[in-house]
Every structure is written in C-alpha cells, then in structure tokens.
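Both complexes below contain chain A, partnered by chain B and then by chain C.
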Partner chain A sequence: MYKLVLAFRYMFKRRISYLALAAVGLCVFVVVVVMTVMTGLVVDFRQKNHEFAGDCVVGTDSLVGFGYYEEFVEILEQSEFVEAVSPVVKGYALVSGAGSERNYGFELMGVDADRHSAVTGFGRALHYHQDDWANAFRPSYEPNLPGFVAGIDIWLERDSRSKYTHPSEPTRRRFSVSCFPLTAKGALARAGTDVVRTRTFYFSDTSHSGLAKVDGAMIYIPFEWAQQLSGMGGAVKRASAIHIKFTAGTDLSVGCAGVNDLWEKFKAGKQNEKAAALLETVRVQNWKDYRRQFIAAMEKEQVMLTIMFALAGTTTVFVVFVVFYMIVSHKSKDIGILKSVGASDGSVAGLFRLFAVMMGLSGSVVGSLAGWLFLTKINDIENWLFERFGFQLWDRTVYAIGAIPNRLEPGVLAIVCACAVLACMAGAYLPSRRAAVSAPAAVLQVNQL
Partner chain B sequence: MSENEFILQADGLCKSYRMGAGRLHVLREVELGVRSGEFVAIVGASGSGKSTLLHILGALDRADGGTVRFEGRDLSRLGAGELNRFRNKTVGFVFQFYHLLDELDVLENVYLPAMIAEPVAGWVVRRKQAKARARELLERLGLVDRAAHKPYELSGGERQRTAIARALMNKPRLLLADEPTGNLDSATGNGILDVFEELNRSGQTIVMVTHDERVARRAGRVIKLADGRIVQSEAGASQG
Partner chain C sequence: MLKVFLWLRYLHKRKIVLLSITAVALSAGMLIVVASLFTGFISAFEQSAVELMGDVVVSAPVSFSNYREFIETLEDTGDVEAATPVLTGRGLLHLGAGNVRAVQIWGIEPQSRARVCGFANSLLGGDGLPGPDSDDSGQQAIGYVGIGLVTEPDPASDEYDFDAAREIIGKRVVLTTGAIKEVGGAVGPRAEVKRKTFAFTVADIVFTGVYGIDSGFLYLPIEQFQRQLYPDEDGERAQMIHIKLAGGCNEAAAVAQIRGLWVQFASEKLNWGQHLISFTDIETSRRMQSRYVLELRKQMGVLLLIFGVASLSVIALVFCIFYMIVMTRQRDVAIIRACGATSSSVAGIFVGFGGFVGLIGAAAGVGLGYIVIKNINVVEQWIRIVFGLKLWKSSVYIFSRIPNEIDWGWAQVIGISAVAAAAVGALIPALAAARCKPVDILRYE
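Showing the complex of A and B:
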C-alpha cells in the first residue's frame, strides 16, 4: 500500500517529476498527432484507391488487352458473390484542342459510365453528372455530341485551399483524341493509310478521384470508342481489364479466390481459341494488389515515420532514465528508511516501477489530451497560419488532400500510450534495481547523508 | 547471567570494511546480551563501531563472523522475507537524524511500518486500526496536534518523537536507538531520554547507542565499546 501512496507523492510533489512527465507527454503528443495524420492520409489514400479500382480486377498490363472478355463478364454476372462488373479499355492518347497544334499525352480509359459507376466511385467523382452518371459522356450543353471526362487536374487548377472552382455549366470545348491502335499481336494496326486513329470529343465533365496521378493524367471516353481507337474492337473484341464489385458481406480474399477459380476454368476452356495466348497475361488481383505500387509508397512513408518517431522515443526513455537516476540518488535516504522499517528489496524496486508506470500513464493522458485537442483544431490552426503567414503544412496546389486527417484512432492511441508506459518502465528499470540492492546500513550512515 | 534470560544475544561478532589495500576492523569478537525489559546504552567514541553493532543487532547489516540471536533465533539463518518481517514487527529503529519521509505527514510517517506490512487489501481492512494506533502514539508523545504537519515543519525534538512513534508503531519487542539525542540540544535531548525511560518503565526493551556518557547514564546498563571491543559493562543511573 505504501508504494501507491509514495509513488503518488513522488509523482506530484516533486518538480523534477513534472519535467519527466512533460517529456513523456510531449513525446506522446507528437507521436499521436503524426501517427493520426499519417494514418489518416494512408487510410484516405487506400479508400480512394479502393474507390478507383473496385474490389477486384481481372486485367493485363499488355496494351493489346485480352479477348473473350464479354463471355467472362457474363459468367461473373451470374455469380452470387458478384454485384457489378465493368470491363474497361486502357491505353494512351494524344489530345489536342480544336485549332491547336499542340498535343498532350494522357492515359486513356474507356468505360461504360453506368456500369463503371456501379463498380467504382467513378460516378461520385463526377461534378456535373454526379446524380446522372449514366450520361457522363453526354455534354449537358449538347447531349448528342460524344463527350469525354477529364481528370480534374487536367481541366482545372486547385486554389491554395485545395478547392476547384467549376463554372456553373461545362465549357463547350472540342478536342481531338488520337491513339495508335494495336493488333492482338501488338503490331500497329493501320486504319486505311494512317497508323493513328483520331476522333473528336467534347468536354463533358471532370472526375475527381482524389488520386493525384489519376486526376492529373487520365481522360475517360465511352468504352466502345476507346475500343475502336485502341484497335481492340476487331472480330475478337478485347478489353484491358474487368473491374468487379462483390456483394455486401463477401470477404475480399474469398471473393477474389472465387473470381480466380472462374477465370482459370474460363481460360482452360479457351485454350484452343485463336486469341488464347493473350489470356495468359491476365491476372486476378484484389484492389490492394492492383494498386500496390501506389499504396506501398505511402505505407512505406508511414513505416519510416513510425521508425523515426520510435527512435525519437528512445530519447524519452533516456530522459526518464536520467530523471529516475536522479530521483533514486536523491532518495537513497528514503530507501534506507523504508528498508529499516521492513520494506523488501523487491518492494522498493516495485515502488520506483510503480512510479514509472504512473509517470507513463500521466504522460500518456496529458499527451493524448493535448494531441486530441490539437487534432480537433489542426485544420483551424493551419487555416489561421495560412491566412496570417501564408504557411501550409501541405501545399494544396501540390498535394491532393482536402482537410488534414484528424480522426484519432483508438488503436493507434492505445499503442502509443502502451509504448509510453513501457518506455518509462524501461527507463526506470536500472535505477529501480539500483535502489533495490542498496544496503540500508550504508545509506543511513551519518557520513552518507 | 544465563543465556536463556537474554532476549538479544550477540556472540563473537566481527565486522570489517575494506580500506584501500587493507581492512578496517570495526567489531572484534563482540559479546553482548540484553534482557527483556532492559534499557542498555552502548557508549563509545566516534568510530568505535557502536552504530555498526546496532545495525547488526537490528538486522540492517550482516556481521562477517559471530551470531546474533533474538529470542533464541539466529538472525543469520533467517531468509530475506523473515528479516524484513523482523525489521518491521520485532525491532524499531530511532536514528540520530530522525529519517522521516518528507513526502508523508507526521501521521503517515508513524503508520508507515503498518502500511509496509500490509498489501492493499489488508490495508483497506486494517487502515482504521493502524491510524488509531498512530494517533494514540502521537498523543502519548505530545504530537497529536502535529499529525497533519510535514516533517520539515517540525522542530528537531518533535521530529525525533515522531521517529520514536514510528519505531513503536508495530509494538516491537526491541527498540534500537542510534544517537537519538545527538542532533538535539540538551533540554530537548533530555525530553527524548525521558520518553525512553518512560517506555522502558512500561516494559520496552531498549538498546541505545551514544557517544555521550551523560546520556548513557540514563540507561539501566552502560556498555563501553572501544576499538571494536566491549571494554566495560556497568549499571547506569536508572539502576542506581
């Protein structure tokens, strides 16, 4: 019982304890804030990638795509665990404005707007057709004209608050989209005498997926047109990928395994077909693996930051060690007194370890509260800094984020607090051992005081 | 003197410390017996080994050789837990510099040995009883109005009386005092000795260490220690 009373008094009656508490609290605060923001960014980024890809993708990196996709789409649509399916054509295009000599290279995606919106967040990413995504490729100013959707960063510039200002109606503008069609074998397919296929499209809408590399480089056109422009619309029609959404409650890995089984059977059934070789390049991937190269970079950044802050945390361990060493040195008389009235070695060590736990818990509470308070106000603080001093944590003209993520994850908080307590216990371990083994007769000698 | 009469008996106690290349022999074959209810003063010059002897008698230190028996039990054969219980329940220490904990108030300092003896659950049950005992001791020693004060708010005499109250908290059968008046003026020191005499009259066994022969004479028996050996044992003033 005395341990609890004395540890509490050591904690709150000594100035040096407050310094150690401040060090622990500060460390918890910094880690909580950074981890929350980084975790928020990663979660947000993963969610956006999930929205972009759907649950599962059956696709190939080959620019010539793969055939017989329509049959496989039918098989998928008959599967119980599949809610929606969207075949897409992917390629590259040169885009030039009407009357302009300048070309710009973009990634091209041909989609059926309605089907793709049912599988991915395509429809929700539109601006003018958010409630009418089936007509995404019909410009509102002239619905009979062939329209295209541009990644928002191609069409508009963000202001410093990460806001895009759309005109009330889409601007009537005409563009030529040129592709180099490829045969199933990958050779350039000639369209008459020309190796380039060109078609005119009118601006219809923007797509804001929240992924900088998509919004700044992707234009969307109707699936059939993309097929024709890319040379995938021959006798055996080809597609680049099939995006799939599973029914609610379907486990991602179970769903993907199901799709993979269907694909293997389908592929086996097509092995004697003319374009069967292209099927060999097709992979079935869940959305995480499909977007791995983008997500992994951010996750690696998060891991690196975590390691950096773990290293910074060792400083806290050292600070706590120094504080405890000083306290134990200063409290050698108390240790002698306690032992003279019957306290055991283990009990004395326990006193200082309890003190360390209290320090860790108190520091965690202080740091967490400060972190929570800071996070609730982080966007206000950033706005205030921007208005007063023009300072922004992330330049919104560069980074595709709106508000700074500030949702405190209980799991992250629990881990940080547990680490803080462990750090305090680690810092107090040697000093408490030293206290435990000190001889009472030696420390209570008059010439030792 | 029959061995069976002694509550505390030391035989052939030796203690030495390393001093550079050689050893400093503090105690040499010390023989000592203390009867129950006796008030014994060990007197000697500074460095004569009297504090070391007291620490060994109270199991705060271990002898290099010889034995200490308390009520017939050899302290050197007790395990760590038994020694802790011995220091907690059987002996009470009073030190020259009081050795109170500054973080605790007077009342808490007094019931500290009871707190140490109990785990949290036991303390919840016995807390009231312990506090009542601590208050009773403070009342007996004239400190009840100082119960809520911190040690640094007390005079030297008050601190020493608090230390005596703490030493008596668990009703020890032996009270060991190391220069209890060494840090006090003569009047205050006499007050402390009055307390010891009163305790002794009520049956408390006391072994006190002092360098002051006048203080030692207040005890029932005076043992002189010189160069680590007992050189003389005589009746004190309270016996005469």
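Showing the complex of A and C:
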C-alpha cells in the first residue's frame, strides 16, 4: 500500500514529474496520430486489394494463360467452402478512340461481370450499373452494343475533394481495342504482319476500385471477347486466373490450402493432356500474397516510420531517466527510512517501477486523449486549412486518398500505450536500482540530514 | 574564459550531460537524414526529367512537319545548345514466347538526342550510336528497348540481370501501334487510327536507373517510326522538341524566346491558327514536374514537423539535466556571485553551456546524419541480407539507388535549431542559478 501512496505522492508532489509526463504524453500523442493515419491508410489499401482480388487466386503471370480452367471451375463450385468463382483473362491492349490520332496502352481484364462481382468488389465499384452489375458491359444508350468498363482515372479527373463528377448518363463513345493473340506456346497466333486482333467497344461504365494503379491503367471487357482477342479461345480454351470467394466463416489459410489440394489433384490428372505444361506455371495464392508487391510497399513504410519513432522515443526514455534520477537523489531520506523499517531492496525498486508504470499510464492517457481529440477534428482542420490557405495534407488530385483516416484502432492504441509504459520502465530502471541498493546507514547519517 | 573553463569542467565531471548531447545528436541526425533523403529524391526526380527530356520541352497538341527548320532556328539563338525531335506513340511489344508488354514509343534521332540528354550513356551494349550519316531507309529496322521491358529486377536485390538483358540485343521483336490514315466519310475526310504491326531488331538496351522509363519506353529512329505511324505522309514529322539550353542562360528568358519562335514558326510555316498554337506546351522539364515536387516538399515538411514535435522532448531533457546541475552546483554559483559576477553573467554561463551542449550534439548529429546518408545504400543492403527485408525498390521509389547526398542547407537549419533548443532548455535553470543568493548558500551552518 505504501508503494502506491508514495508513487502517487512523487507523481503529484514533485513538479519535475510533470515534465516527464508531458514528454511521454507528447510522444504518445504524435505516435497515436501518425500511426492511426498510417494504419488507416494501410488497412484501407489492404481492404481495397482484397475487394479487387477476392479471397484466393489460382493463376499464372504468363500472358499465355492456362487451359482446362472450365473443368477446375466446376470442381471448385462443387466444393463446400467455395461460394463463388470467376475466371478472368488478363493482358495488354492498345486502345484508340474514334476520330483520334492517339493510342493508349492499357492493361486488359476480361471478366464475366456477374460472376466477377460475386467474387470481388467489381460490381460495387461500378457507377452506372451498381445495382445491375450483370449488365455492366451493356451501354445504357444501346444495350446491344459490346461495352467496356474503364478504370475511373482513365475516364474522369479527380477534383480537389477526391470526387469524380459523372454525367447523368454514360457518354456514347467508341474505341478500338487491339491485342496480340498468342498461341499456347506464346508465339504470335498468326504469321505475317497483320497479327493483331482488333474489335470495337463502346463505353459502358467506370470502375472505381480505389487502387490508383488499377483505376488509371485497367480496362474491362467481356470475358469471351478478351479470350478471343488474346488468342485464348482456341480448341483448348485458356484463362489467366480464377478468382475465388470462400463461404462465410472459412478461414483464409484453410480455404487456400483446400484449393491448393484440389489444384494439385487436378494437375496430376491432366499431366498427359496436350496443354499440361501450362499448368506448371499456375500458383494458388491468397489475396495477400497475390497483391503482395503492392501491399508490401505501404507496410514497409509503416515499419520505417515505426523505427524512426522508436529512435525519437529514445529522448523520452532519457527524460524519464533524468527525472527519476533526480527524484531518487532528492528522496534518499525516504528510501533510507523505508529500508530502515524493513523494506527490502526489491520493494524499493518495486516502488519506483510502480511509479514508472503510473508515469507511463498517465502519459499514455494524456497523449491518447489529445490524439483522439486531434483525430476527431483532423478532417475539419484540413478542410479549414484548405479553405483558408489552400493547404491539404495530400493533394487529392494527385493521390487517390479520400478523407484522412481517423478511426482510432484499439490494437494500435494498446501497442503505443504499452510501449510508453515500457519506455518509462526502461528509463526508470537504473535510478530504481540505485535506490534499491542504497544503504540506510549511509543516507541517514546525521551529517547527511 | 571562466565560462569556457566551467563548461569544460561540467562536461568532463557531469557525465549526465552526455545524455543530453546524445539526445540532441540523435534528434538532429534523424531530422537531417529525413530532410536529405527527401531533397535527394526530389533532386533526382527533377534531374531524371532533364535526363529524359532535356531542359525545355515544346509539346504540340498534334504532330507537325518541318521540325528540322524549327530546330535550326532554335540552335541559331545563343540560348539553345542543342535540340532534338520526338514523335510519340503507344504500342504493344511482343518480346518472345508469352511476353507482351504495353510500351510508350518515342521516335528519336539518336545522334541529336545524345547531345540534348544522357541517352548515349544509358545504352548497355557499348557499341555506341549509329553514325550521324547512317541512313536506315534501306537497312533493317532497329529499336532501343528499356531494360525493364526485357527483364525484371531481382525480387531480393532489386538489381537487373544485365547479362540477360544484353542477350536480347540483335533479336527480332514485333511491335504493333496505330497508324494514322485519312479515310473518307459522310462529312469529308478524317484521320483514323489503323493497326500497324512490324518487326525490328533490338539495337541496344536502355538503362537509366529510373524504373518508369526503363520499364515502359521503347525508342525507334524517328524516320522509321514515322513511316509506320504516318504511311501517307512524305515529310518529316515530330510532336515534341526536346531542348538543351546553353550553360549560364536564364531559363525563364530562354523559354520566353522559344515560345516567341514557336508562335512565329507555327503561324508562318505550319499555318496553324491561334487556337492550335495556344495548346502547345512550352515549359522547362523541371517545371513540368512541379506539381509532384510540390507534394513531395509538402510531405517532407509534414514529416519534419512531426519528428520536430517529437524531438521537443530534448528541451525537457536539457531542462532536467541543467536543473540538476544548477541544484548540485549552487556553491559554485554562489562563489562566482560573491566574486562580483552579475546575475545575468551567471545566467549566461548556463545558457551558454546549454548552447555549447547543443553545438556538440548538433555537430555529432550532422556527423551521424552524414555517415548514415553516405552509406544508406550499404545500410539498406545489410538490412536486406540480415533481415531479408528489401526496404527500397525501384518499382516503388522510381530510382534504382537511394539518393545519398546530404542536404547541407537543411543540415544547417537543423543544427542551428538544435543549438537553440538546447539553449532554451537551459534557460529556466539558468534563471534559477541567477536568482540564488550567495549569502544563503555560503552561510557556515
């Protein structure tokens, strides 16, 4: 009990303690704010990647694709843990508008709009067909024409509030889309000079996945057309990937392991088939691994920021050390009396450790509250700064970021607070040791009083 | 003299002062590293634009003829050292079995381009550029391919396999692009894009160290590309002119002069109306990047502010340490005062000592920052080897290597701020020392 009383006493009676508290609070405030924003961006980015890919992808990086996918889709659809499956064709396309001298190179994705929307967030990313995604490739002005969906940044400009202004109806515009059709061996499908396949498509909708590299570079066309343009529609039809959504409650790793087992059996069964070699390049990946190269970049930035904050936090540990050193020096008589009435070395050290924990907790509470208050107002502050001074944390016309993430993550908060307490304990370690080993006879001598 | 003697004595005797020096050094070093990384990145970003496009770019809304005449006019002015035409397009490149890439095509004059920017230095083959008088009309079509199109950087080391890339030299690849043809219509003739596919031999591999350029650009001789793009046109055509300015000339004045020459050329030689002329962008390549550079500078400012705020603890630390020193050295203070020193000179000793500590910390911080920045690529490589964590990838951060030049301007600002912060931290303890009365402290009892 005396430990608690003394710890409280040192905390509130020694004004120098407030300085350590302020240093801890300041550090917690900065880290909570920055890590909340950073974590929000990472979580949002991961979520968007998950929406884009579905739960699991069976696919190949090769533009040749792989055969027999229809049979494997059937197998997957019969599995209990699979809710929906969507085969896709991926490649590159050269696109040019009617009456324009310009060509554009885009990534091409051929999907069945209905199936792909059941697996991924494709349907929800559409603008004009959000409630009717099965007809995403039917332009509303002429449903019989073959339509295409463009990544939103290809089609529209983002304003300074990160908003896009869509016309009430899709604009009637036609584009020719050309691809290199490739044989199963990767060679050009036709010899001679006229080796590309071209077809005209009409603008039908935009897709806003929220991923800048997708929305600024991807066009979507119906699966069968993409298959034909890419040369994958021969005797053995080919696809680039199969996107899979698991049933609710299915663990991601368990689901992926199940798909992998099915794939291995399927591959073994096809080893004597004509296009079996293409199956060797196919990998089964969960969405995190499939989009790893994009997600990893943001996660690394978060790691680097954490390391830098750990360095900046060293100063706070020093502050705590000096404050505790001063308190131990000034309270040597208290320590002497405690030890002379029977307190052990461990108890005295425990007293200062408790004080350090209290310091860490108080600093965490103060810093977290200040951080929470700042975060609740962060978007208002940014809006105010933008209206008055034209300042935005991120120029929304450059970065595909909406509002600044400000949802305080309990996990992040807990880690930051735990680190603050640990930092205080680290700072208090040497002074508390010094207090513990001090001899009462030395500090309670008459000439010391 | 007494001040300096006391500073050195406290520094030597009071080991706890080393803690404040360490804290100042760590904070200053970290801020210098952040600032230098950002300014190095921005500078490399701007320089990459100059390396790619020269100093000034004239970009027309549509392709134009007689570009040689315009280039001669430009080169007659004292401000322009060299100029080179560019014809742009997009295409799909078939590089081999199952390997198709979307590419940005630049039709270039390799010789004049080498005079404007670092094109010749970016070639891996080592055979140099074709001679200025070489006529490719009867020869095999050739092209220069970005290294990122033929090989991917190693996922672990982020380095290209240059030998594998060189093996592509001399191979035939197939390109498809759009040829602009005039077709008849109900309301008269109009230009329409028709697909055009042709094969060429890879003459060399281009490696600039800038990921976006290396993985997306294909360069063809301009005459060759023009024959494919405009099969119905006989004369020479270009869409952009890249210009290298003469050393020491005023950029703004040169841009204004080039704009004037362009207006004259477009109206007199091309018969363009005011509307079409007004859509021509004439800008320095650095200024073309200004929007993104501004964002980078803003991010740097925000990050420095965040770490600056986090580093405010240094003031608290210096305050605590100096307060402790003042409390334990009251007798020194009293003796100095008893010898006739004024309150302000006593305060000056401690504020000066704060500044002195800040100065040593800042110097150590600058040294630390310098060592980290200069060896940042080695540090990053060691992190990869030890932890398997590749922090810097050209596909994410544009460049193959981390910029490793220290920003001395920011180092000065941060160093001065560190000294000021330490002096501010010492201010209250100094005032406490100044207020102490010798008669109270030096009494016998």
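The working rule: the second predicted complex is superposed on the first by the 418 of 449 C-alpha atoms of A that agree within 3 Å, B and C clash if a C-alpha of one lies under 4 Å from a C-alpha of the other, contacts with A are read in each partner's own complex, and residues count from 1 in each chain.
Here is the rule we go by: a residue touches a chain if its C-beta (ideal position, glycine included) is under 8 Å from a C-beta of that chain, and two chains touch if they have at least 3 such contacts.
Treat the numbers as computed from the prediction; the structure is a model and nothing was measured.
Participant: So, A:103: does it touch chain B (first), chain C (second), both, or neither?
Facilitator: Only chain C is touched by A:103; chain B is not.
Participant: Now for A:113: first (chain B), second (chain C), both, or neither, which partner does it touch?
Facilitator: So A:113 meets neither chain B nor chain C here.
Participant: Give the label of whichever partner, chain B or chain C, reaches more residues of chain A.
Facilitator: If we count touched residues of chain A for both partners, the winner is C.
Participant: Just chain B (first), just chain C (second), both, or neither: which does A:92 touch?
Facilitator: Only chain C; A:92 stays clear of chain B.
Participant: Return first, second, both or neither, reflecting whether A:439 touches chain B, chain C, both chains, or no partner chain.
Facilitator: First partner only, chain B.
Participant: Where does A:344 make contact in the superposed view: on chain B (first), on chain C (second), on both, or on neither?
Facilitator: first
Participant: Could you look at A:4 and tell me whether it touches chain B, chain C, both or neither (first, second, both, neither)?
Facilitator: first
Participant: Quick one: is A:27 in contact with chain B, with chain C, with both, or with neither? Answer first, second, both or neither.
Facilitator: second
Participant: Output check: A:13 vs chain B and chain C. Expected answer is one of first, second, both, neither. What do you get?
Facilitator: A:13 contacts chain B only, not chain C.
Participant: Residue numbers of chain B touching chain A in their complex, please.
Facilitator: Per the stated touch rule, the residues are 51-52, 55, 58, 60-61, 80-81, 84-89, 93, 95-97, 99-101, 103-104, 108, 112-113, 115-120, 122-123, 166, 179.
Participant: Which of the residues in chain A come into contact with chain B in the complex?
Facilitator: 1-2, 4-6, 9-10, 13, 333-334, 336-345, 347, 439-441, 444-446, 449
Participant: For the complex, which residues does chain C have touching chain A?
Facilitator: Listed in rising order, the residues of chain C that touch chain A are 16, 19-20, 22-23, 26-27, 30, 34, 62-63, 89-92, 94, 96-104, 174, 176-178, 180, 190-193, 195, 197-198, 291-292, 294-295, 298, 302, 306-307, 309-314, 316-317, 319-321, 323-324, 389, 391, 393, 395-396.
Participant: What residues on chain A touch chain C, complex-wise?
Facilitator: Its residues touching chain C are 16, 19-20, 22-23, 26-27, 30-31, 34, 62-64, 91-94, 96, 98-107, 176, 178-180, 182, 185-188, 193-196, 198, 293, 297, 300, 303-304, 308-309, 311-316, 318-319, 321-323, 325-326, 329, 391, 393-395, 398-399.
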